[in-house]
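Consider the two complexes below, in which chain A is the common component and chain B and chain C are the respective partners.
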Partner chain A sequence: MGMFGGAYNTIAFDANKCDGCGDCMTACATAKTGTVDQSRSRIQIVGSADEGFELALCRQCADPKCVTVCPAAALTKNYASGVIDWNADKCVDCLLCTVGCAYAGIALDAGTGHVAKCDTCDGAPACVPACPHDALTYVTTSRIYNEVGDWEDLFAPGLAGCQGCNTELLMRHTLRRVGPDTVLATPPGCVPGMGSVGFNGTTGTKIPVFHPLLTNTAAMLAGVKRQYKRVGRDVTALAIAGDGGASDVGFQSLSGAAERNEQILFMVVDNEGYMNTGMQRSSCTPYGAWTSTTPIGKGPGNIPSQGKTQDAKNLPLIMVNHRCEYVATASTAYMDDLYDKLDKAIQASKRGFAYLHVYSPCTTGWRFPTDQNMEVARKAVETNFVMLWEYNPTDGLHFTRPVDDPLPVTEYLKAMGRFRHLSPDQVSHIQSKVVENLAFVKQMAHREAI
Partner chain B sequence: MEQTKYLVVGSSHAALEAVTAIRMHDPDGSLTLLTRDPHLPYSPTVLPYVVSGRSAPDAIFLRDEKFFARQKVQLKRGTALKALHAERNAAELADGSEIAYEKILLATGAAPAIPPIPGLDQVSYHVLRTLDDATKLNAAIKNSKQAVVLGAGLVGMHAAENLVKAGASVTIVEMAKQLTDGYFDAIAAGLIEKAFTDNGALILTGSRVVKLAPSATGATLTLENGTTLEADLLLVATGVKPNMEYLAGSRVEHDRGILVSDTMQTSVANVWSAGDCAQAKGFYTDAKIMNAILPDATEQGRIAGMAMAEDPGLKKYPGGVPLNTYHFFGRHAISVGSSKVPEGGEMVTRFDEASGRYLKAIFSADNRLTGIYGVNEFFDGGVMCQLILRRVDLAPVKERFLANPLAVGRELMSKLWR
Partner chain C sequence: MSASTLEKPSAPAPARQKVMLVEGNEAAALGVALARPDMVAVYPITPQSSLVEHVAKLIADGKMDADIVDAEGEHSVLSVLQGGALAGARTYTATCGPGLAFMFEPYFRTSGMRLPIVMSIVTRDGITPQSVWGGHQDAMTVREVGWVQVYCETVQEVLDTTIMAFKIAEHHDVMLPVNVCLDGNYLSYGTSRVELPNQKDVDAFMGAKDVNWHVALDPLRPMAVDPLTGGSGGKGPSTFVRYRKGQCKGMQNSLRVIEEIHEEWAQRFGRRFAPLVEEYRLDGADYAIMTLGSMTGAAKDAIDEARDAGRKVGLIKIKTFSPFPVEALLKSLNKIQALGVVDRSVGFRWNCGPMYQETMGVLYRLGRHIPSMSFIGGLAGADITVGHFHRVIEATEKLLSNPAPIEPVWLNEKD
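Up next, the complex of A and B:
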């Protein structure tokens, strides 16, 4: 790892969950000093129950001030672990680092007379499991980004997506993971719209890509895969399709390919509508949502309209009923979960049909600020509006990110403009659907595996 | 003639930070670092610990050759800048050769200021500014029985403590009324003085050497009041002066140091300066001051590097805030900010004689922190500095802050800039 770049694991703090119990400080003091003296802990909870608790902890800065002001070369940024290492042999106890750090991340330990700082306990921080409220988490996704960063990016630079769209991230990550021995099908939708089919006679990918009709994606891809098998080449047959292309007109060929257990990986990027062509409703558009074909106000013929009047089709559950080799739902707000499922889907596609359904908030069509994509995706999961689970015929269905204490669905709805007009009745309809869908999926999860 | 886009002169904190800042924005532009020191980069601040033997001379380097190779920096050691020809963007080196630059940073630091005492040039004495000075002094203290230190600044005090611990009888002579004048106040200085006298040192404040002469042991010093001192080891630590002789004949404006703007630019195009040789605006006053301390050198170096590389993220220098830490006989003293009480302001002190814990905090009339000092009272200096720089209103928490600056400072930090 060089001077810059590279992602690192990190201790994350959720102030809303902290009640100031101090168990993390006791755990740190025990691990690092062999005492239960909280003042010697390297993680310090500050604040009060009235004003909220906060944290003083080394941030393991990328551009650390403590390192630059150390006259003795005793502090160094470790570019492998990301941790700022303290060298006891070189330290002269001058305390200049404590003057350099604006975050109280390195301080005098009166018990030793030396400075002390968090070293993340070599990747297994004692404070994290000690927290009884899950206010501290050790975020370990950096491995994914570092690994992925080393793989070849198989998309052309400069895709033409809307600002803030997560589909480019999804496309690049997926193709990097699937690798160069892949044939890609991208039916009409945002993915070719962003450039997968190419510009000026060249493709937008470094692998063979084709542009089937909305109706025949799975059928064409299955045929391509069979031809490769016939000539003895092991390729991954991958489709990246929108929800419209999969759940509406493309559903017949998708269902057929799943029923025949074709060895393909079918990924649906679900932005809950035909967003590429002007934000028309699809069968995956949720109840109440504004789209250009489910408008708000006086509709055609002066009929009042309050958004979509039907509930969304739950396509991934329908795919489970095809008894595919693998079916899963995923979200770009939970990349480690997504990666885990992508790996399983790739493996399953060697044996038969694998289906991966990824929720993709649409900044343009859903009406939210461009910097909020991950937050909207996260809120969808935290309210159970979207559930993350996986299925295979042997183990059945189970939740991969169960939400114990879901937020009210209004927390999700208010994050975007397409639900702004909802009446209280519509909101309670959506909330009751969330409860119903959860109960339904839970029922399936409880079924004994075959 | 050799050419380089960036020429950085000096190799300590300001210069190294500038190199990092330049490389953050311009990874490839040719960069040459020139230093008159023959060694790899090190900090003058670590040298007292080389004298004491705590730091091994080969374990103090802030960067290695590999760093410079990786960052594509041409490192020229043992090569001094002799003259700056800013009118034609050229630097003349000690050997007479020249380097043409597009942009130059003068981070040449400071050298010991030698007082004009009659006879000083007739005796042998030590100074402490370079690694070679430190290794020489380290060897000498082992044989010293009777040492005299001129100057009770932090360099002199550090060295005196080493001499005391090595078993010499030590006398510290200081012109000012108290030790560590300009760093710590009278109460703190009293605590420091007591630690030294408890350990056997003799301290002569408000005292001046008027004459020196060679003697059998080394040197005889005559004080203003007529008494004489014998020294087998003499350390002159009466302050520093910026290295800027190479400016002679150039149009770069200088006063006590090289005068620089809020972006560390000098009065002449393509020339910047940072660190102990620069004279930049103070935080408390718009007048340009010398603030020759390590944290400020890094700050100035970074700003200069960003300005030279035309980094759009450049923020102007907020002005120098004094920051000092001092470790003596197992105790520590920290000072952040100004000791001057602003008009209408307030100074609050808390002193526990039994434990030697001392705290002094200074507030402006509108309850902003302007300075905080502690002996054996630990607080986060970096947090305090931010409270000062951000002019945080402490009126709602003042009492609590004074009772526990560590905890309340962290609380404010976590709300205001976490």
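Up next, the complex of A and C:
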């Protein structure tokens, strides 16, 4: 338990679903004041500048300004519940807190003459079920911060990734979640390149870790897992592999292990090429991308070389067609989504093959500034260049973060140098492939759901 | 093919052994079952297929308690076993020819990680020309990769050696993978009488399993397995050198261990096989022919006939090919004045048989010159008959008075 306690619950608001009906305010006023006076509700729905609605409600901040500015210590952060408690006995009605809060989450209640704020109704907020459009949800927040911070970091400090690489983040979070009763396979690539297996007698990992060959990760892990199963020990067999080894030369062993439903959690960190060996093309490299083996040049016969000439192989969809226990795509820009999928993948790997495909922008190989990794990852999702979904044989495939109003793919492409040479024709090819891929996965989601 | 029972055992007779009529592949499977591996990974390939079918049936019938992995290819077969061994499993597989070639990447690595995996090679000639028939080209091609490789002469020797191989591999002074080579066609499908050791006696012979004491993937004793070594600076190169030197030492240690374990086998089970080099009617011989594997049976018959006809010829058979038994072979070569070496595969670089090539190195250490020549026969399943061996004997005898030919003799060229 960290200093901020367990995971906190709060009320989330989806502005796209809100029509401003005010039912939530009525419910709150009823619960808290015994009246139907919406002005006394702790939750306020107000019109916004762009014709939609905004939420004025206490966010139960982790670093609450209202608490800081209160001169009477009437507001305190409750580290057990996460709620910011207001103590009427201490309050001097100075209203400084209402100025301090950026969310209009605490305001004067004219009916009492004191400030009032949301206390989440002790975990059963009246406003949430009152909303007829599901615009309000009662959700757990800070879960990663609160839970993961207490789990042991199973990598040594100072892994040697490129500046701005998100893979160290991914590795540390994944290992913290999976825990020490794990055998970790990191086939040749960026992950061992960072020193996870180590060099000349040192290692960066606190659990059993090994280099499989680039080709046999899933097969070696299958052997490890089967022997522990045979002797009755619960050991998680985890691979953190690159896209090249998984989709190209290691695909046979991956496919074989998936077909045999080996009890493995196989995570692919997809940076769309052989980045550790110098940014060469893999089958996961997207169309048009510069790599060191699809370079840009005048080309033979006046036909310019303009990057990769084929579209990327969609490895996670291929894994769906193995009917694995669990398949999902994820992105480090959406850590809650990733964690949710990691939890499911760990559970699935106790039954059979679980596959997690994490899109992982490469600052060095994709050529973008080192502080832009999350932004590039986010843009990939917001343009539907990649899609976040999950699959299991019972529930089929469904999107976990559908993007209903995607940005044009150029918003993604222009974020990095590997696409800077693209011709208008190439850009429109990529945009049409985005549309086509989305339609294909949607069809699959529909079909799998039947 | 005669069982090489050279002398009577000195130990008390073992428990009664069941007598069976089996092909070599089934004998290997029965040996595997008696050695009680935890994990078997299989992928079928001619002429190995009936071996893994027998293993699968033994497991399906509950006569063998092992996890069987039907992998999607030989590359994964060996990789699964590497993972299993690193988690403490006793492991086994079998392959040959193109399967061995496909397996090469993890094959090379198995000896480097010092994993005591046992693998039968049901030897098959190399393609191309396309062929599914026996020959030693597959095993010979990988003779320089740090696996112990022993070749069997009879079906009984296949059974017994398969069991011994696990003990050799897991010996703490060895800790290396072992290939038990049995000739495709001739031993794989050759049906013979065998005596099946009693399980209790084999258990006592094998002792406790201790597979991954030196390297493990185990959360109870976490370690990084096979981190990067080498580079031009720091302690990297010396780390690599010490690993390699250790592998070579393990190979040399195996020569002693193979002898000890064959001796223990003879004591416990009453069957004595020459562990490294077998001499047959070599005493009093002026010259000798040298053989490997199942061809030796016909060769011994030819030697008997030649001796009866007054020729002073003997036979040297290699059982342990890797590591090459230099000292043991020197003792045998010291007894003769000329040598003809019969290979069941070719050495492309030297235009001779691979065993002949290896033997030339030993001849250099002999300190005196004896003439020798190379014979190549039995390729792609061809039979090396007693008649062929008479040609070998006659040609070798001529070395005593005539210059040795540089070119090899191709035995089945005009069959």
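In this text, the second predicted complex is superposed on the first by the 297 of 450 C-alpha atoms of A that agree within 3 Å, B and C clash if a C-alpha of one lies under 4 Å from a C-alpha of the other, contacts with A are read in each partner's own complex, and residues count from 1 in each chain.
Keep this in mind: a contact is a pair of C-beta atoms (placed from the backbone, for glycine too) under 8 Å apart; a residue touches a chain by one contact, two chains touch by 3 or more.
Just so it is clear, the model here is predicted, and its values are computed rather than measured.
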item	value
Contacts of A:Gly47 with chain B and chain C, given as first, second, both or neither	first
Partner chain in contact with A:Gly111 - chain B first, chain C second, else both or neither	neither
Touched partner set for A:Pro393, first chain B, second chain C, both or neither	neither
Chain B versus chain C as contact partner of A:Val99, first or second or both or neither	first
Partner chain(s) touched by A:Leu55 [first = chain B, second = chain C, both, neither]	first
Touching partner for A:Leu213 - first (chain B), second (chain C), both, neither	second
Contacts of A:Asn200 with chain B and chain C, given as first, second, both or neither	second
Touch count on chain A, higher of chain B and chain C	C
Partner chain in contact with A:Asp89 - chain B first, chain C second, else both or neither	first
Interface residues of chain A shared between complexes with chain B and chain C	none
Residues of chain A touching chain C in the complex	180-183, 192, 197-203, 205-213, 215-216, 218-228, 230-231, 235, 252-253, 255-257, 259-260
In the complex, chain B residues that touch chain A	13, 16-17, 20, 23-24, 43-46, 49, 54-55, 59-62, 70-71, 294-295, 298, 302, 323, 325, 327, 330, 332, 334, 336, 378, 380-383, 385-386, 407, 409-411, 413-415, 417-418
Chain C residues touching chain A - in the complex, by the definition given at the top	38-39, 41, 67, 69-73, 75-77, 79-89, 91, 105-106, 109, 216-219, 222-231, 234-236, 239
Chain B partner contacts - residues on chain A that touch it in the complex	2-4, 44, 46-47, 51, 54-56, 65, 68-69, 71-73, 89-90, 92-96, 98-104, 107-108, 110, 113
